[in-house]
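To start, I am sharing the structure in question, which I have written as structure tokens.
All chains are identified by letter, namely A, B, C and D, in their written order; residue positions are counted from 1 within each chain.
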């Protein structure tokens, strides 16, 4: 019950975040309805696409993570709000990168928010494991950190550093991380299937 | 469970898309509260109405499609996000058409996003059938493609081509497709009823 | 199941409508943080308050109406979308009235949208009764139209006419209707209680 | 059932409120993508953070409060809408404080909306207790008011008064109240656990 409402609230916030990001792609006011009016929107569109994938990733993994848990408590609720806080900054950082995709500051801040969201995710995971016990499916599933989990924060960090020297390389780093994460967390899915098979 | 949350998230995103489109119809700032201030809003209102019907159609059919399935997996989740991505561009294309309803570019892009959403729909349908098996109600229901399914992509395509030569004809094409789709997919409803009667 | 998703989608749309109306009350950009900066917001605030009550009313009664039904079908879904369409215009009419509360056009359009939403409500009610049968709780509950149901459309109409001659009187009419409706539909609640007592 | 829909609607509204507040943090249009462009956003960011915590608090406590109830009635629905009305003004007051964090008027209005939301909360709590009976878990849980409940309105009031003389002190007061409330209401959680243990 409690878990359901936390899921519903998170779904609501993520649905809004993913949708209001597109509001930045505004109708060109001075345009005359030509295709060339869309040119300034190309970087905005691409930054929207990247952030859409990131929010989709978080929604997808959030979904899988909660499926393998039974209990939530006060700490989990706040850890979840903490994650949503960083994700709620995506529309801002996305818009700023879309506006200045070759400047250091927007790209560094974009990476910083990604990094903070990744930390918030780890905290949420930990509070969920604490609330559900070491023997829970989730705890077992995440026992062995995969390579991508270990290196993601470092890629974000590399991206942040890069943004000061070779801005376009930062974008490459952020895109690579999205791609390596796009496969849903197989471990949790497998663990769930195993537990169903055993049960 | 998993299916429910995918439905809830899709409902959230579709509810937001359908509602934020109306934000484009802004209070005329320079107006003095006369009826004539509404004149520039007539094309915007009509483009909003058309897109409202399209989002309503997608919601309605999404609803019917998922009702006849039991399982969703990682691929389905991403196919669903892919559909939502194209639908999330509706507010932009709707606003652009509302601003320049007699220009080629906005009408062509409007049709292109409709076409991409239609493709995304077909992909989602396919992943759902793959996840639920060939013997599922859904698979049987969509076995025989109806005429409207076969011709819709071609009408969108015709609309896109038309927008370069006779813009208003493109609008007619997009409107016709909405009208022929407004009847909910009888096949799925019938198949569901049959399966209930048999069960 | 089907009913639940229609409720969830309607809740989503109504939640967004009620919340984005407040976006019209924007921070005074030229202001210097004085109380007097709020003066131009007084009519906007009051028009927001009135519309908030109306959306609250629709949500509340929607809630009661659906509680007393079991089935929804394709027609109900479209009748519901039709109602949501008119309600989705509230943010626009509210903002326009807030900007020009003493002009005829905004007040007449505000009343017109109220009237159309009232008609859409009656259509939705009728499709629900058709879908659930004459013996349904809902059909019985609404058998005898109450006075307020009979006169509401006429008050809206009176408000629309008034807005051309005595604008402030139109506001009074719209406010009165909200007040007489603020009590939830006792008949349905009573009928539900009776049916529970009998069952 | 009825309770679930009220929760879902509240979740929707709160999710939108918490997310649209961030829209105030807009991309600096005249900026050139430098870190210094973010400087004017520091107070906006901090006021967003404070309001995010407040909405999170209301969501969290709303959640706990409803978990310990079974019934809702017409009065509860309106008391809930009344609370949502005041919370819906958060994006406005947050943006105004973010714009003029050292002015009296925005800080006083910010505190006034906090105070009104606190009153709306007390009214909602009372209507819920009336609807569920004196012997309900909720009624027992809130029997003995904790210190923080008793003093919160006075801290808001102190903040409002302060804002006219020492603006920054008002911010301190509002922040302190958020911090003392951030711990979820242990009494209700304990009462729920007790009732489960007894049941």
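Throughout what follows, contacts are C-beta pairs under 8 Å (C-beta built on N, C-alpha and C of every residue); 3 or more make two chains touch, one makes a residue touch a chain.
Computed from a prediction, not measured in an experiment: that's the story for all the values here.
Chemist: Hey, what angle do you get rotating chain C onto chain D on C-alpha, to the nearest 5 degrees?
Modeler: 90
Chemist: Answer with same or different: of all residue numbers used at the interface between chain B and chain C, are over half used by both copies?
Modeler: different
Chemist: Distance between chain A and chain B based on Cα centroids, please, to the nearest Å.
Modeler: Result: the chain centres lie 26 Å from each other.
Chemist: Pull out every residue in chain D that's touching 2 or more other chains.
Modeler: In chain D, 8, 12, 15-16, 20, 23 touch at least two other chains.
Chemist: Given the complex with chain C, which residues does chain D contribute to the contact?
Modeler: 1-2, 5-6, 8-9, 12-13, 15-17, 20, 23-24, 74, 77-78, 81, 84-85, 88-89, 91-92, 95-96, 99-100, 102-106, 108-109
Chemist: Inside the complex, what are the residues of chain A that reach chain B?
Modeler: 7-8, 11-12, 14-16, 18-20, 22-23, 25-28, 31-35, 37-38, 49, 52, 56, 59-60, 63, 67, 182-184, 189
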